[in-house]
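Next, two complexes with chain A in common: one pairs it with chain B, the other with chain C.
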Partner chain A sequence: MTSNASSSSFSDEDEESAGQKPKTGSIDYSPDAIENQLPSIALNTSIDEEKVSVADDHHEPVTEIARGSSREIEPERLISSTGESNLSTETGVWRNSSKVEVDGATSSPCSSGYAGEMGTSSGTASTSGADDIQELRNNSSSVGNDGEVLHSAQWVPGKRHVDEDDTCMSWRERKKHFFVLSHSGKPIFSRYGNEHKLAGFSATLQAIISFVKDGGDRIHLIRAGKHQVVFLVKGPIYLVCISCTEEPYESLRGQLELLYGQMVLILTESVSRYFEKNPKFDMTPLLGGTDAVFSSLFHAFSWNPASFLHAYTCLPLPCATRQAAAAILQDVSDSGVIYSMLMCKYKVVSLVGAQKAPLHPDDMLLLANFVMTSESFSPICLPRYNAMAFLHAYVHYFDDDTYLVLLTSNSDAFFHLKDCRIQIENVLVKSNVLSDIQRSLLEGGMRVENLPLYPSTRYGSLFHNEPSDRSQESLQPGIGGPDGLWHFIYRSMNLDQYVSSKFSSPITTHQHQKRLYRAYQKLYASMHDKETGPHKTQFKRDGNYVLLCWVTTDFELYAAFDPLADKGSAIRICNRVCQWVKDVENEIFLLGGGSTFAW
Partner chain B sequence: MGLSSAAITTSSEALKFCIFDLRRGQHEGEELEKILFFFPADLPFPAQLSVIGLSEGLITFTRIFSPEAACEVIEAELHSHVFFEAEPDIWMVMVVAKSKETEAIWRIEALRSVLKEIHSLFIMFHGSIRVLLDKEPGGGLTRSHLFTFIMDYLNDFLMGNKFVLPNFRDSLKQRGTVQMLTVGREAAIEVQSLVGALDSCMGHTSGYSVILFQDLLVSTTLTPDDTTNLFSYATSRLTPRVLSSGGSSTWSYLRKGNAELASRSANIGSGLDGFRIVRPLQHGKWSKGKDGFLVTDIWGVEVGNLVPTTPTLWLQQTEHKMYLCAYQHKSLTIILLIPVTSMLNGEEGISMLKQQLLENASAKIVKVEEKLAKGWGGENAYHVKGYRYLLVDGDRNISRASPPGKVTTLTKESLLAINKVREDVDLEKSRGNGNNDEKDLEICIRAKNNAWVIARSTRGKELYIVLEKANETLLYASEAIEKFSDRYCNGAFSLD
Partner chain C sequence: MGCSSSLPDRSVGRVGGLNPDGGDSDAKNLRVKLVLLGDSGVGKSCIVLRFVRGQFDPTSKVTVGASFLSQTIALQDSTTVKFEIWDTAGQERYAALAPLYYRGAAVGVIVYDITNPDSFHKAQYWVKELQKHGSPDIVLALVGNKADLQEKREVSVQDGIEYAEKNGMFFIETSAKTADNINQLFEEIAKRLPRPSAS
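Presenting the complex of A and B:
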């Protein structure tokens, strides 16, 4: 199947192909067949009526709001490294490579009768061979690793495999699908494949949801072997995830919530009103051009702990640097700016809000995801702040990674915000904040190898060179921290923030990092079980890790050790990690206090 | 009294249970052909078809993505739907209502083990569903067998007019496993000699023997699967505990209900008449005769002399039809299975065998019973102070657990927590791709109520422990497990 196709592009994830070979048995798996089987189901929608109509004039007013103000700022627009223009050149590269792939591949990813499509199935994307990806990732990770974050530099947002549909074997084998559809069964979005071609499949999903609903119940989950189908209904919008990634149900549902949040961020929740007026309302055009936003969000589901912790993380910085940044953000915040954020990728450098209400970490995640993949002055909606109203986000990139976001409710504030930005930039340059940010990006952060010995009287900082104050136990390079400590995540409860250590050996490859990520995700879900949680402590050992988790009212600690680690030592190490975090907290967290922001 | 229709309606909201065959009723208008069993039977057909339609639709749907393993469970807000493909294309689906108030909090695998048990017991007495369907393609034969059998089975779960299926309070139990009696060396030798004696009674017939003391297995010469099936039958219908409660009012009014339901089933099948239906699970039908042998008229009565026909069953692996012959002395139950084909003279041969057993083995039986009774510590024999535990040996289908009376002392929170941990382990196991032996797993959770909830799994063995009165440190909890493992599990769960 797809596994021997070669490609040089980085597709997201081994998620793209499950590598499973479905048997084509005597049973017809097509959606049509399924619908025939739900005869009495009272398929209360007739599928024939659901022909996808692109020309639907009901969407126009919203489009106007959504895109109206983006025109005027053309000269100002700075496009991020993952922005549109880059994407298009990347796409060119993909095309080239995928041609090779088509020539070289012995079998088409489509096993269906769509013979006409076989040769052209490589439109904008490529089918990636899992083995190739692995090799390349291994290489890249040895060059230098960002640490906390799976290396996203090689990962390019954008929709993949757009020509597939549910008759394609390759489509069926993708590890994690996301679908959004309307309550009438009209497709709105699909992570893989062509929404228009998936109309029948979409109608099947709708039939399942509404069948259970008609029985007076609400469907949450279907489990079949390694696959889970997770459903989330948000008024007239249905969201479905089909996954064989072994993530807990709670995590997948949380991801659907975020997916919905991302849509609200772009359109506000008022879009549901259009469905009230016209059940066959077509939402697809409203989301036009936002593929990169969603694909980047799906990517975040596999590496960004914020997506399940509901906390954000800060770029480690010397305390004085962060104070300088906060001061200048504070200066502009009285002039109609609701929130101003100085960010470096997904990490917060500083954050100031004019309002009492703190920004919800989920909103920050969605906003950062949106900003990094799209235009620079946009109306956006913060689902947790006010799901019905637009704010206006002014975004300016100072360099490839560092950007400023100013949020205002005034759509005419562009030039004012630009002035604010110039003011801020001057200060940031003068006070060396930007260079400190670059330095932190390169060498900052907590490394398990540097876990200090206690008791230690030395003032703790991540930004002093500490030559040889380490114990012998941690000296061997390449085996992580002392006593088999490989990695940790510390989440502060009252700050809504977390810090995670940089990935060190042996957690260096993409696969290892993702596996660890999934293990944390599972641990989090089991500690926070709806019925019985939150539990206090958990020790879990399997073939891959020893995991230790501590949940208190002040913090949560998730730590991963060598699977052979000794329990007693692991506990000691965890205590040291907590102490360490405390010692350097003013460098890794955005702390409240002072006049700036009440956290 | 009786099982009034009002009572059935109440329970139907809590439980729906159906068996259907995907190969039948493929054409429009013939959908009813698919249904082989439905509970509650008085649910209108459109409602029955709707349950089956959804199940069938989702089986097909999930196969798009997961061709090897189709739909296993649907979780909805108010119900769980548990799927089990009992035989190729023959599906059992159980729909249970969830409710925190009525403690209807389920572990899916526990519910599935009920489905599995129903099916393996059905096969043991009636053979496979597919064979029955092939024998009589109309389906009436199959439907009437399934109906009476499952209704008799479900009666075990009936409390008042409500079905009480295994919920989180049964987290420290494992259905479908055998509980063994631990015997001393001396007693073991006696048992061995008894097994020899039983063997020689059966002569060259190549029969099998199973010995139970109370509700615990002492010895078996059957394969593990057949032992498990026979064990669950024996402990639910044959052991002294069951027989002594056999005359209680429970069964008599249930039987009345059954009769009612069974008559209704006639309307479903194309014809109940003509099929003589053996009801092996019927309550209160076994009793101990004067000679010590257990008798029942379930399998009919010989015309003329009123001697009950000897029960028969099928072995799973060899598919041999066997006579079942059970003898009881005090707490000891001895079951002999003799191939029907080797008993050329049928009932007469069985009588001779019984005679032989009384003559040649009864002295040994008395001796073994005495020895075992002396060594037995009573119903709390396997209680370990401070621990509430379940130990499962998956390879040998054996489990041992804290006595139920002790498990009930646990708080609801602890039981819910261990239930959840078991669910997580179930999931990990199912994802293990069959090589479960590789899955070495250790989970220790300190729950909200400060109880330690622990799961260990290694080389096909699983251990679940709840410690409510334990010190707060993880090391203390680990030590407690280590001690338990060394003492009661031959160190299987110890970390060298």
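Presenting the complex of A and C:
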């Protein structure tokens, strides 16, 4: 473990640097305090990251495809093991507790591969591989230097590989499957392939779940070689994820929760009543036409930090601009509007609620993910607000990115909301809010290159950078921020909001960004591990990054550095990042609004 | 492409929450609520987009809930008609919510796909629904869309005409892709609208 090896040698420099600690109330821990904690944490927490596994992660999906055929967990094997009533303890641990480790030996390539079963698989495998690689190329080519927005225009939502079923090699090789089925085993949704053709597979999953259920227990996870099978039971609806992406169990489970939330958003939870009346009820027609919504949710699982942080992010804007937007939203919110949100893509510009109940960040993610047209009025349900009832969402797009959502419980309110929107639009245009939004989209945000050198130079705004700064940046590719800082995410605990720095060199390609995203995701899960945690700090070094995580009661900071970065400097930089965030907080966060504020 | 017609000549009824407030509708400038109904994927949104924006997007997204667009056309007798169009989602989960959108509509446009007999049956369901629960003087149009796909046709023109005649509807076949008959559809509807009396 490289982190242990490196942890001892920086103390001197670090003590020197302690003098430069910014004096601020928000930062409770001095650098040396963290430094003192680090070695112990490095020893006893989950820095069990093997280089090998991380390295594997990097080449996805290309290498995965190459090896996919030998690593796949096959449904048949699961059936057969469930079928045997006397499961041996090695393979059957999953009966007695939440987590299951199917013994590694049983899932060795020789015993599990499809290759043996289906001798002529190579042809299909290579076609599917090419397909995925093509998708990957499309993605990466669309991400420019400023790759913050990964779901760029070229990523097209919609269901892929509709014709496949579980007999297809290509289907079995997909890295991450999501299934939704009913308690009677009827397929409701599958990420890949045709639901109707997957009836047998779906029944298999149902058999596994009910086998454990009949024993008075609940199945949460099956681990089989590189694969994890994660289960989530929501009344009569069963959700299953089968993944070989090495994401932590907690993350996959969180994704299943969001998938369920997305279904509730479309149909409400009262859909389970149909199953009470008729266990064989077919739910697929009710989800007709929503493939794009789900595919964009799955896409968000690999680029949108909101999906594991359970926090939302704001579009950086000058303070006055955001206040202008909030004021006009507040004006209309008295007239029967439950929530008013001005959004830009998945980022919040302003948010006003007429009620004390804050809008849950997960609900915001699911709502923003729900595709709507230029001007529409649709029934939607906010799972965390009231999972049983519909609200009505008035949505209007001011331009391709910026849209207004007004939520009401009154199904007759369309023309009233349309009037509200016209009123809001007039104000937004007059006070230049819409043009400020466009400007922020183009050049706003926190760039690690601009991290101020405290205390000598500090500017309290993201919007007054000298033009020369910017041209300088573009002349220095491959450098990142000071002392090897590549990227950071700062999450404010009180606000339920996070801010993430823009991706800059060298994290420019889609693969790099996705790899970093997964590394953060893993870091998040390890910091919040219920068995060994919660933890306060973690310093981790592997072949790709130095990752530093720092959790306090006020914030969580996740930072990625050059793998050769010095530990003492990294800690110093993290302090600077916190100070920077504090300095510009009224431009990057929605303060006095959103979650904690009573209206 | 056949036509059949039936013209109720009472004034346009306006009740219900999703209706324009009215008031600015007079004999020369009509303002009418139009609702599009039909099975998922028959091309309702494409028809509207072609009519309102002159665009055709073969990859257009599935409508969720209902989207709202408006377009004004001028007739030869110098009257203008502003269509306030509710383009509803065709999916089953929204069937129960359809009354929200068709209540008080002056025009119901029911769309099917000429290559899909199921969608023709679904169209008949919507016709019955509107006859039962729509405004009594609603102008109904039956539209066979995707007329450019002649070689895949499964619903004959004759079937469309016959059903429309039996139910006192206006019938037309359109293609949102080639723009064929799209403007004609809305012009014909406009001509058939009951005019408020000058008094």
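One rule holds for everything that comes next: the second predicted complex is superposed on the first by the 424 of 599 C-alpha atoms of A that agree within 3 Å, B and C clash if a C-alpha of one lies under 4 Å from a C-alpha of the other, contacts with A are read in each partner's own complex, and residues count from 1 in each chain.
Rule of thumb we're sticking to: a residue touches a chain if its C-beta (ideal position, glycine included) is under 8 Å from a C-beta of that chain, and two chains touch if they have at least 3 such contacts.
Since the model is a prediction, treat every value here as computed from it, not as a measurement.
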Exercise. Mind working out whether A:Y517 is in touch with chain B, chain C, both or neither, as first, second, both or neither?
Key: neither
Practice problem: Check whether A:F275 is in contact with chain B, with chain C, with both or with neither, and answer first, second, both or neither. | Solution: neither
Practice problem: Using the superposition on chain A described above, determine whether A:S411 touches chain B (first), chain C (second), both, or neither. | Solution: second
Quiz prompt | Residue contacts on chain A - larger count, chain B or chain C | solution = B
Practice problem: Please indicate which partner A:W486 is in contact with in the superposed arrangement: first for chain B, second for chain C, both, or neither. | Solution: neither
Practice problem: Answer with first, second, both or neither: which of chain B and chain C does A:Y339 touch in the superposed model? | Solution: neither
Quiz item: Between chain B (first) and chain C (second), which, if any, makes contact with A:F211: first, second, both or neither?
Solution: first
Quiz item: Given the touch rule stated above, what does A:P285 touch, chain B (first), chain C (second), both, or neither?
Solution: second
Exercise. Share the list of chain A residues that count as touching for chain B in one structure and for chain C in the other.
Key: none
Self-check item: chain A contact footprint on chain C (complex, rising order)
Solution: 16-21, 40-41, 45, 59, 61-69, 87, 89-94, 97, 100
Quiz item: What part of chain A is in contact with chain C in the complex they form?
Solution: 156, 266-267, 285-293, 370-380, 393, 410-415, 418
Exercise. In the complex, go through chain A and note every residue touching chain B.
Key: 20, 22-25, 27-29, 33-35, 37-41, 166, 172, 204, 207-208, 211-212, 215-227, 229, 242, 244, 246, 249, 526-527, 529, 531-543, 567-568, 571
Quiz item: Which residues of chain B touch chain A in the complex?
Solution: 22, 28, 31, 46, 49-50, 53-54, 56-58, 60-79, 105, 413, 416-417, 420-421, 424, 428, 430-431, 438-448, 450, 453, 473-475, 478
